[in-house]
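Residue numbering begins at 1 within each chain, and the chains themselves are lettered A, B and C in the order written.
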Amino acid sequence: MDEGLRNELSKQGVFTTTLQELYNWGRRSSVWPLNFGLACCAIEMIAASMARFDIARFGAEVFRPSPRQADLMIVAGTVTKKMAPLVVRLFNQMPEPKYVIAMGACAISGGPFKQGYNVLKGIDRYVPVDIHIPGCPPRPEALLHALLKLQEKIAAQPLTGEHRPRHLSPDVPGEFPVPAYGPYDLQPAKNDDVWRPALVVRTDAG
Amino acid sequence: MEALDPLLTRLRAALPEAQVAIELNPAVPAQSSLVVDRDQAVTVARWLRDDPQLRLDYCSNVTGVDWLETTSTEKVRVRRVVDGAEQEVEESVERRQPGYLEVVYHLYSMALGHGPLVLRQRTRNRVDDTRVASLTPVWRSAEFQEREVFDLFGVRFAGHPDLRRILMWEEFEDYPMRKDYVEPDDYEHEPTPHDAVLVKARRH
Amino acid sequence: MSEAGRPPLPPEDLMGALSTGDLVPEPLASDVPLPPPQPEARYEARPKGRWAEDGEGELLEVSVGPHHPSTHGVFRMDVVLEGERVVRLKPVCGYLHRNHEKIGEGTSYLGSIPYTDRLDYFCSLTNNWAYVLTVEKLAGLQVPERAEYIRVLTAELTRVLNHLCLVGFLVHDMGAMGTPLMYAFREREKLLDLFEALTGSRMMCNYFRFGGCRCDLPPGWLEGVQRFVDEFPRFLDEYERLLNENEILLVRSQGIGVLTPELAINAGVTGPMLRASGVNYDVRKVDRYGVYGRFAFRVPLGEHGDTFDRYMIRLLEMRESHRILGQALRELPAGPILDPKAKLRGFRPRAGEAYGRIEAPKGELGFYLISDGKPNPYRYRVRPPSFVNLTILEDLCLGHTLADAVVILGSVDIVMGEVDR
């Protein structure tokens, strides 16, 4: 719809919208996170929901204990290899549409604990991540920023066409294989459909 | 708390069959320790707990240490230490042994407010005879910590009521805190690799 | 859990079951074959509850956690229930095992300080202190007096912060969603502002160094602490008035999870939990590390060792911490904050070993270091108080209901970063 015409109409008290905007507005304004903390970042996540930072201003204060009722998984903390299958399982149990925020350096890449034998080097090896927040731990403001970014992302999702989100495409799976505990490592060590290591050409000269 | 030498004399008088030795600690705190043979460990521990002068009723810390066998790389390190420092290093004695796992207990007395007394048990080697006596029957606080030592070092505690892995998953087969543990190769690109990561990066 | 043993319904049937009332499902055309039921095709997670084999349907085995709102992180309890009573409880941990010790053996002595922040992430400053205390013991370093006072100040602020959050979470576990925790976090934010002004970080302070502290106090910091110290008793009075005589709190906590002093000592329980059982053992008093010998403060002791005593001990300890804070503020001397002999880079202590411990807010936090003369320790071990305190969780919970087990776990005060390291 033409932007000028819409402005003109709104001055005269007529509100126009599209189905897509209305649908996305409703979805983005009440993102319910999963009440799911892993480590240090979870404390800052709790702090973000407390009086000072008040995540309720953005419609995301309803932390749900059950994945069945949640829209957003905030992976707040170090994902260890012992925990990774359970994180993927929780993500699988969430209904579509669902989103993932990787909060903190550990959830992004393993962070300071990257060289640990039991630390997963980033949850995006198994599930697709929408927003990454750097920091160790990120401040609550950073979490709010990530939430706003997620809202922008939701608002921009088209309902039809090639770029429509996962839950509107019937053939795109919304669930991801859960890794199994192996004798030395998780099996598989990463989900190739979700994550591939960056192709790096290394020369010994540098 | 009384010094280790008179304590050892009293201990030998009370338990003549016990094989106990003093291990010196050359560092600044000079907190020497008692090395007890695994066969008499429980008796010695009971005595330490119940002796009226000691009453070490509180076992604070239980931990494992992995002492490797003598290798050529270690000999290099010995020469460097001897050049730089003036004293004898304790490893030079242990170097003749074929490597072993050690379990260290730090004992305190809550009743008398003294401590710590350091108690050590050693396995015969690192490969097949990695048994020591569990002191959980004497001090319950060793229960989880011994499980952890079993999990991460592979020390088997005879007499432990519930010896399972505690930190790693049950299917895990290696002992990750041992010095020769090789972790799974899941290298990820790093923009500025250095040291060990650079060695790894060159392999990929 | 009640559907244990029954295969979960396929999604189609579930939708039918949820549709209104007694409608007959739509008749299918006879030529269309019914889709084969796929009970476990959609979710590979089987229901965790199952009937234990020995009880002939009397006992139910439930796994609480690791994703559970009341297990304080990624802790799991394998519980066997008879009705609602706990007859067996096995703690399962390791879901946050991030290899602190292995990493500590690979990095230099200095490089491990930031990792200690992440052990018990409520109390990074006391973790720092335990570690640098051990290294100072190992290398024989002296700490200037001003640095000792700064350490006491920050450590007691940390203790207040930890106990505040603990009480908030404990009451939260009893069903008081919101208010007490909100109040606690309001005070916590004031403390975090102080920490941020001092160290540059809210939670991961990384402030102590071998032989002192990293930097001197910023201007205005002491006034900020003084303001907090002045206001804090009023908050504490209000908090106690709000909670102490609350009937739900009394019923849910008195007589629940009684820990006898004999068992507490034998099981190595330390910290407020031990003192709630009436054992007078506070490492600040026993070891008098730092300058704790100069302060007048009392050690609160419990009588019954139940959950209420453990709750009350924390409140009383906050008042004692407040007393220490006031004295430390008055007596804080001027002077250097770092031992000039302390080497931060290229630090290589002599070969040997040392065990150092402090009274962390959760109990006795110890570090055990073995040096072989290299820049990194040969063995680096953390003695985590909350891990050892978990040993007696089963003893405390047996015979109580599952809901009480949650409260007891809350009163043990665990932080998974420290339990699993």
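A few notes on this one:
FYI, a contact is a pair of C-beta atoms (placed from the backbone, for glycine too) under 8 Å apart; a residue touches a chain by one contact, two chains touch by 3 or more.
Fair warning: this is a prediction, and the values are worked out from it, not measured in the lab.
Among the chains, the centre nearest to the mean of all shown protein C-alpha atoms is found for C. Ranked by C-beta contact pairs, the top pair of chains is B-C. Chain centres were defined as the mean of their Cα atoms; on that basis the chain farthest from chain B turns out to be A. Centres computed as Cα averages put chain A at a distance of 27 Å from chain C.
Work out the mean CA point of chain A and of chain B, and you get 44 Å between them.
Chain B has residues 167-169, 176 in contact with two or more other chains.
Each of the following residues of chain C touches two or more other chains: 94, 97, 99, 102, 106, 420. Shared interface positions of chain A, defined as residues touching 2 or more other chains, are 82, 115, 117-118. Note for the complex: chain C touches chain A at residues 42-45, 66-69, 73-74, 94-100, 102-103, 106, 114-115, 118, 121-122, 181-182, 185-186, 188-189, 202-204, 416-417, 420. Contacts from chain B toward chain A in the complex involve residues 167-174, 176, 181, 183-184, 186, 188-189, 197, 201-202, 204. Across the interface of their complex, chain C is touched by residues 35-40, 42-44, 46-47, 50-52, 65, 77-78, 80, 82-83, 86, 89-90, 92-93, 106, 112-113, 115-119, 136-137, 139, 175, 178 of chain A. Residues 81-82, 109, 114-115, 117-118, 121-122, 181-185, 189-190, 197-198, 200, 202, 204 of chain A are the ones that touch chain B when the two sit in their complex.
Every residue of chain C that touches chain B in the complex is listed here, in rising order: 93-94, 97, 99, 101-102, 106, 137-140, 263, 265-270, 279, 281, 286, 349-355, 357, 364, 366, 368, 370-374, 378-379, 381, 383, 387-388, 390-392, 420.
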